[in-house]
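So that we are looking at the same thing, I have put the structure below in structure tokens.
We just call them A, B, C and D in the order they show up, numbering each chain from 1.
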């Protein structure tokens, strides 16, 4: 049972670390969620319950890991931003990505019934992967989040039009998914907006912002009641609370005067 | 909403891959499980329910990821072995460690009540980290698993003696954990065995093997019933089923003639 | 002049190490040697002086770095094999590749006149890059060297035929390089051999082996005279001397019974 | 001779790249230069010929690799700074460090006799290693170069005092190096300055700046004569020429209004 004889195997570990003084984005992504959303009858094109569940999971991750200063989510994908001076897990890449994927999964499963309803049984355990990317400048970080929010818009416009066509109750037999794909192939944003408006009387710009803009999670310092004195006075303390908003993070406003102010300093 | 303008940020991703033609071990480890086991009143020194729950999670991981040919678990730590010719996720390190940590977590949380009982509420979501290590030879792999099983034995002998001292019902007041640590400091295996036997009438070698040897998960090809014909005949098909055993994997037997045979070829 | 205030910048270094217990091949390659060989009037298709110069440089590298057990060279490219248990420079990749590229360059420049002749001035300093690749098994290593030697043969057959066509003294005007390329495009080995034999009376298989097989460098233990006693007796000692041969390293012979025996153990 | 059968070994290469949009410093360092300087009788504490030779090598590297915007050298160590948007060799780490180490070595050996004199034979080939470090911000880069220049000063003050003690012609027998080390152990800068001034009448601050500040290499745009017309008029063109200066790069001046202006933008 000599442990020391075998201990040399420890030295095969190669700890990749994330470059210091860079912003780190960890992107969590649902594994096989096309199938998962079908097996669990997610509403199309967007299932509000599932979005709120994923937001709750992201909020849990941010609450547990204080070095995360911002998160952005769309569909089954969330991006978490670590402060550039973070020393979380000594910036070891494997430990960071595995822990965040694990925490997100844990909150997602724990909160399943609360958000999806008692009757929606989990048919099999969902899983998520994660990757970490270093960004050296604030500009790179803003461009990263712009990329994801533009992606959210593009996907949502496509999906909204696609499912409007497929679920069109006036068509008998209904349009197949293949037919819908063929119609939307190579269409511009403008023509998708036109299809929605003319055929379905949907004004895309009035759809819920959570669908069009995704979800932005940030911290806000707030006075929070912590206890009551014997005289009945409530004692408050400033705490950093995670908020969720569905706002534009491509334009300057969020970063310069909004809730993103100071995050990239 | 020009997506292309921002898309350059994709190129900051640096995909670290695991060297080809090497065995890969992914070790999953409970995050802060000292506190987690206390908050959930795990029995000391070993909580059978929690061990079976973790085994179930490991079994789930192995069932989902066919390239895993062996797993070994002790306490809240599991090591998964990928075939040396595996091309899972193109051998991308971040994707492999995050997915396995996530899957393990998902199975762990989903099965919580089934193993821990309805009355043991999850007070907060558990999480796990994971790391990947490459081993070039079969000898290195065997030494790795010997290292972990020797570690299991050493920890278990210590913990069994430690908790026997602390929980000793004949002591009033009970021994403190600090006192027990002082007694065990620098003791040999022999003297711990002696304390157990003389003071507590415990023969260490007759304790359950799951405690002393940990859990070994491997695949066995079995005939499994898949359907019944109209005439009532059961149709079977050979399937690879994950088995759990609590056996020695340090000596040659497991690898040469036992269930580990062929795994390292 | 406070050094400590700035010293934090040291911690940005990320030392990538080469996986333990793997064979490491470092391949050195001439930088821009197409132009370099033209500017220095290397003979075509092969310049014996330049080949011997490069061999001398490779021999120097092997003499200085004892952990190198084999080298193989063709044209301006050399591959050096480190023993699998080598701990050279703690297996730090950058240090290994930069030192070997530097040493090779140094020997190459120092020996330039000796091999190229006093009248061949160095018009500008030559340079070489290097890369390191880990191979987990002896089979992978043999396949690596087979790959390079097969490459040597294929290039040499092509170049020999190409330059025979271009330098053909019976053609007036001479064939252009573009015309020669067009003729050789998509030809098999057999047809190149035929062109050489029928048009130029060259039997490819009787060309010098240094052209067809490249150069193999290995160590041989030999008795070497080290000093003479007062009585005039020569004292010898066993030393490991680097030898150069132009032999086949694709077939088993070299490795099983030849000078490569024991290298991959 | 089937090449394709072996070509799979190519895929074992793992190309580590340097993070985009970061400044990259490549530091070249003499290998075993303590011995090398002794074997070639370098003057102590500083050998001007050797310093100019190394500067010439660094200048050669900068001339060949246009993406290098700054270099700093002291003793046998040079740091080269790549522009943050450089795509040199696709930012592959091994290729960058090996090529720069090789080029530096090549220029060093080629220019040996020119700087060291015909009578100083090269007793064996010198070599250099190199490493690459990424720095995300201009501040980090300035701190890096401050670190090296502070190091130059500290080493030079020590060495100047050390060799003054050891070479003191008034001591008979001369002081040993061990004795000199003992005297200087734990001394402050002030006391070293005092020893130099009181015992040797050396005012440290009037020693040549190349010793005290090292060498800074940067580019300057200049009008350079390129050809003469038939009428005898000289045609000039703007070229970027590498300059060498021995100036302070710790204070702001060099970077804000001096030759370093614009380098970190």
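The rule we apply is simple: a contact is a pair of C-beta atoms (placed from the backbone, for glycine too) under 8 Å apart; a residue touches a chain by one contact, two chains touch by 3 or more.
Only a predicted model underlies this, so the values are computations on that prediction, with no experimental measurement involved.
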Comparing which residue numbers subunit A and subunit C contribute to their contact, where sharing over half means same and under half means different, the two sides are same
Maximum distance between Cα centroids and subunit B occurs for chain D
Set C-D beside B-D; more C-beta pairs touch across C-D
Cα centroid separation, subunit B vs subunit C, in Å, comes to 48
Per the C-alpha centroid definition, the whole-Å distance linking subunit B and subunit D comes out as 52
Distance between the CA centroids of subunit C and subunit D (whole Å) is 30
Residues in subunit D with touches to at least two other chains are numbered 12, 14, 16, 19-21, 134-135, 140
Contact graph of the chains (line, ring, star, complete, other): complete
Seen from subunit D, its contact residues with subunit B in the complex are 11-12, 14, 16-17, 19-21
Listed in rising order, subunit A residues that touch subunit B in their complex are 1-3, 5-10, 12-14, 16, 28, 31, 60, 64, 89, 93-95, 97-107, 109-110, 122, 125-135, 140, 143-144, 146-147, 150-151, 153-154, 189, 250
The subunit C residues in contact with subunit B across the complex are 19-22, 84, 134-137, 140
